[in-house]
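So, here come the structures, one by one.
In the two complexes that follow, chain A is the common piece, with chain B as its partner first and chain C second.
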Partner chain A sequence: MSVIDGFRTRAEGLRLLQDRRLPVLVTAGLFVLMFGFGAFRYQSYGFLDAQVFMNLFIDNGYLLVAAVGATFVILTGGIDLSVGSVIGFTTMLTAWLVEKQGLPLLLVAPIALGVGAFGGYLMGYVIHHFEIEPFIVTLAGLFFFRGLCLVISKESISITDPTVDRLAQTHVPLPGGSFLSIAAVISLAVLALAFYVLHYTRFGRRVYAIGGNEQSALLMGLPVAGTKIAVYTVSGFCSALSGLLFTLYIQSGDPLHAVGLELDAIAAVVVGGTLLTGGSGYVIGTLFGVLVLGLIKTLIQFEGTLSSWWTKIATGVLLFAFILIQRTMTGRRRT
Partner chain B sequence: MSLTSLWRAATQHRLFWPVAALVALLVINVPFTPGFFEIHLKNGHLYGSLVSIVLFGSPLILVAIGMTLVIATGGIDLSVGAVVAISGALACLVVSKQADQDSVAGVLLAFALALAVALVCGAWNGLLVARLGIQPIIATLILMVAGRGIAQLITSGQIITVNSDAYSLIGGGYWLALPFSLFVVALVVVLSMALTRRTALGLLVEAVGGNAEASRLVGIRSRRIKIMAYMFCGLCAGIAGLMISSNVSAADGNNAGLWIELDAILAVVIGGTSLTGGRFHLGGTIIGALIIQTLTTTIYTIGVPTQTNLVFKAVVVIVVCLMQSSVFRAKVFGARAKRRGPAQKSPGAAADAAPQMEVSS
Partner chain C sequence: MAEPRPVLEMTGIVKEFSGTRALSDVDFRLFPGEIHALLGENGAGKSTLIKVLTGVHPLDGGTVVLEGRPVRITSPLQAQQAGISTVYQEVNLCQNLSVAENILIGREPVAAGRIRWKELRRRAAQLVTRFGLDLDVSAPLGSHPLAVQQLVAIIRAVGSGNPAAADEGDAAAGTRVLILDEPTSSLDRDEVEELFALMRRLRQDGVAILFVSHFLDQIYEVCDRMTVLRNGALVGEHLVADLDQVNLVKLMIGKDLDELEELSEHHTEPDTSEPFLKAEGLSRAGGIAPFDLEVRAGEVLGLAGLLGSGRTELARLLFGADTSDGGKVYIGGDQAALREPNDAIGRGVAFLSENRRTEGLVPDLTVRENIILALQAARGWTRPVPASQRDELVAKYIAALDIRPADPEAKTGSLSGGNQQKVLLARWLLTQPKLLILDEPTRGIDVGAKAEIQKLVVSLSEEGVAVVYISAELEEVLRLSHTMGVLRDRRLVARMANGPDVTAGRVLEIIASGEHQ
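Moving on, here comes the complex of A and B:
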């Protein structure tokens, strides 16, 4: 522990390490560095085109929404492994209702959101009232929703509905000639809403309080039960919304859509500086986490010669680095 | 001893309900597959549904045994699926590079390399958990994400096929009329049981899982025990990876061992090992793994659409966990005078009577 020599630098180092904003700043710095690297290396390939930056949001909007939901859960010290399955199920349900049953998207979207939120509610209920580990309950949720996908159909259903098509193709123009997709705009709106809820409402403060110390929160008289269940409901809702955005992005339902996406979401949250033990972190960090993960994919695309599995390895390495940073932070604070 | 007291003693044995569930599952098959219990001798090999359940279940049994010890130390290992993929990929790569794929020495070299890498993966997890103090779910998540990438890196994203009789022995071959994998599983089971129950090692593992800090103060090297548990789990996953790749004579970095970690955790839980650590039952785990494999087979044979397999498993997981939750038991069974209150998680839960009573904690 005595790597830093000199008392004064050590004290300063301690203060810096204890700042809760540090991980977010590190992630933001990393993003800027990586972006600068890309800009430098792929200058002649148009990396600095504003649209490349906007594509980060277009290609990762669904991940952002899922990761925002996961942030709520992780802030309370829980975990939700059912994210990817709920997304896959939502794409399936939407595609099936729209294509095979001929329902209008306007009706299907609320149904899908409701199902996702209800699934989250049930999981939260079991986790809180029967004191079963969130890990195992949401694992069952993972199986359950993935299984439901297959029950609907084993084959993928492509969506040809004109409304979906129009929504997916709509460009929201931005100054400078670039554009965003509707899904990207919705995901940014969700981020803004989550930021407001977490930092400016009572519910948000309760989420942090429970993550900090559930026992104390209970003794303070906070409604722990309601908040914990609500958090999983939020996550289920976000997953379903993410599934809708994914449907727009990919325009089909497939029982194998978004397999393992929960890991990406958790990785984004961790890289964004939220403590897995709960109680500390910012949803804005999650945005940077998602952007960093997205940027890795973009860089690998621009490099051209690197294969897709490097994405996974790079994600793993990043995850490790950020968990180490977290570990040093919490370790210092406790002792 | 009277019959009733014998019955009571039997039902109170912690393996009773898992075994009962297994037997019930096996019996369900009989009306659908006449001759389900028959075993034929064909070309010097034993054939039959029971043999294939054991054959296809052996990788799961291995992974679940390793997982049991990790869970007993209060941890969990999510990376076993990735380790399965890595070890299979590496072994297939080494074998496929050799001039003579059938040479026993070459295959043994491939096995040794693959198992060494699996041990390293386990040691990595153990170091993260025991030395750096990272939560086990998260520490092993790293390798779960990166490991698949590494496996694909080894196979260059292709499916490597091998054409080696020596290699296909471990996962699909027969020896003394029995599947060879059965002998491997038996060896691992006997070794792990002897090491944990005939020496103090099992007690130490349970002590660490019960309270790592207290056991350290008593003088147990809790970190070392934890690292050993993760290494053993990695080794088991490595052997399972060899079996899976050898059974199909190919390595697929993407799909080999996909979701085996979930099945393994499920097997451990069904077998009566609590996820909180501090207690473990290897016998229960083996039966749990067999239950899962039989469940899969049953779903195929009785004509339930195979796609409901996952839904079914989810229902089983949640019912077993609810039964293990003391709060749930108190709320539902403790107050029968009241209405049967708290809602059950899934609509199908009530219908699924057989594995409901794994109350062995």
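Moving on, here comes the complex of A and C:
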């Protein structure tokens, strides 16, 4: 089965540089390399324990979900800066409804997801119908949702609800004795679903078409308005889901949770090989982007003596390198 | 010929873009089983009429009747659903998607919401093969040359009938109106033939085809009927058989032959010196076919031809505003690689672009600042022109060109078109060019300013400046030039010394037929 159209078109090595999958392969290769480095250096500290690998998914599941949403937006050539704020707001809303209002999580979760999706829908509507830069609209969304956090409460709300606790502690056992958290499993399911949607549905192909050339997509008779709005709705939904997973992970709501997380999400998408100009990239790349960023953190923890801001420096360097790679690739494609 | 009911009837169409009328009260009708040419110079409103019809732009007035029923089409999607398939002038496809997707996106074969990729590729390959093309439909569109992309756009439009019919290989089922807006601009002869064969086949099947092309030969080869537009207004509808090329060109330009003859006057001063600029086989794909050209010091070379015939493209190559992909340029005897305007400017070439508002003038700067800009650029930004010298120069040119108001501190944007043009001219003259390329220097300015600019060209040439003078107004070119070049269909078809035997009639003949005895 050929997974993605155009995958096995050209065998010639010369064309490899133009291949749209190359950035994904580079990121995957980088991940393997970094992992190999860790395995070699921290062998005696148990780096090769399968659980260390699984923890990457456990610790970064919420980021993966947010980054998957961001991938949709970036593929259309847009940007969503409200991701971190929507996540923070979701943690607050969830904690408040569960703890202060005593509602069951089963009811609170759909509410939170609905609010996130609706927020995304509104931003998409404004972006499309008023022809305003996504950057500005979602920047407004960033402030709006962060502000809403403080309307709920200025203080952090810790969650003692037994359901939340049970969900957070549940281990999904894997062969070989390692395990994943529920959140990690959900994030992988979201990734798989996103892959299916992007590559096997008309909606997904429209996302790519709009990113390739919005004007053309319109002239080809594609429903551009609906697709663009839907993409921001997807991102809002993913942000809210990411917020729920984050709540499980950290078991509290805080107005300052996930500040700036949208930037991590965008970084993961870019490192994963998706072009910020839209139309080119794979959601699988986003997974590798998240894993690479997560692995940097893990390596620095294993190192022990390095302080955590080295994570930021390493991320910055990586991002820079990948943007340069993208630049040379698109430059090549244009000629 | 018995006339059946038109499949499409547009009446009293009006379209305005921010106050300016692109279409005023245009009628257009299209019969089933005919190929109908929509003609007019660039900017006449052909593409706008098509975009209004297919819902890209909203209509500001008029009615559209499709198969006897009034319709209101507000999006390209709706147009497609109504059976109108369109290839717009700009290739409207997505470079990042595969050829197959570009052909079928929006109509992908699905099973339970899931795209059947194999089937999609099979269908696309089938449509491509039917067009006599052999290409890998799963390769990204962007990896194919422009001509192939244009063909893919056509295949998409033609194949956009109902998918089931496309499946049977009956590509055009469901398409009642096919619109092709300059589809042949980057196709070679064989591909054009292929397209014409297809168009004839579709005509046989009763499809109504609206065809836009600035290649007049193609119109006469394949079309049955034509509608001519000029400046957004309807000039007339004719059967192709009833109107010959010369008369068609006259309709397009809107001038009578006698009127042109009267105005023309000639002066030729043979010049034997070495050419200042010489082009050999210079060309740019999609812009202009290879041409040879010479301009001597003190010579005015006039370029005539319809709008869109390649005049501007030729000028831009000489200035390095576009890079050539074939041929050589010699300036002052040396071969010059013109990769960017700076290369030409450094050799004494100046270019007054036809879009003075967008490509030259900075409306928010003062007249003084605008005039001094090019000189400053030539000196480099680290060596400012001394204030006293600057003011003196500016005052001199304001006086010499009679720029009004004669106020160096006036905002350039507030000046009239003619005076803005003079500001731009002053800017270039300040750099003391040896070759001045003027692209439509008198378009849109009043009669008085026009005469002044023409006078200036004459005096510059007397001072030994070489001038390339491009204008849509034939009489102007005839009056000013020593030598004439005629362009047609992006090709320099004739070069001749201006003289009593070079009349407007003869030039029109060449523009219409492309033949130069």
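Keep in mind that, in the parts below, the second predicted complex is superposed on the first by the 321 of 335 C-alpha atoms of A that agree within 3 Å, B and C clash if a C-alpha of one lies under 4 Å from a C-alpha of the other, contacts with A are read in each partner's own complex, and residues count from 1 in each chain.
Everything below uses one rule, namely that contacts are C-beta pairs under 8 Å (C-beta built on N, C-alpha and C of every residue); 3 or more make two chains touch, one makes a residue touch a chain.
Owing to the predicted nature of the structure, the values given are computational and were not obtained by experimental measurement.
Put simply, more of the residues of chain A are touched by B, taking chain B and chain C as the two choices.
In the superposed pair of complexes, A:Arg20 makes contact with chain C only, with no contact to chain B.
In the superposition on chain A, contact is made by A:Gly279 with chain C only, not with chain B. Shared-chain residue A:Gly212: touches chain C; no touch with chain B.
In the overlay built on the shared chain, the residue A:Pro223 is in contact with chain C alone; chain B does not reach it.
Partner chain A is touched in their complex by these residues of chain C: 56, 75-77, 79-80, 86, 88, 90-98, 100-101, 105-106, 108, 110, 113-115, 117, 120-121, 136, 138-140, 142-143, 156. Within the complex, the chain A residues that touch chain C are 2, 5-6, 8-10, 18, 20, 199-202, 205-206, 208-209, 211-213, 215-223, 279-280, 333.
Against chain A, the residues of chain B that register as touching in their complex are 76, 132-135, 137-139, 141-150, 152-153, 156-157, 253, 262, 265, 269, 275, 305, 307-315, 317-318, 321-322, 324-328, 331, 342-343, 345-346.
The touching residues of chain A, counted against chain B in their complex, run 79, 122, 125-126, 129-133, 135-137, 139-144, 146-148, 150-151, 154, 255, 263, 266-267, 270, 276-277, 307-313, 315-317, 319-320, 323-324, 327, 331.
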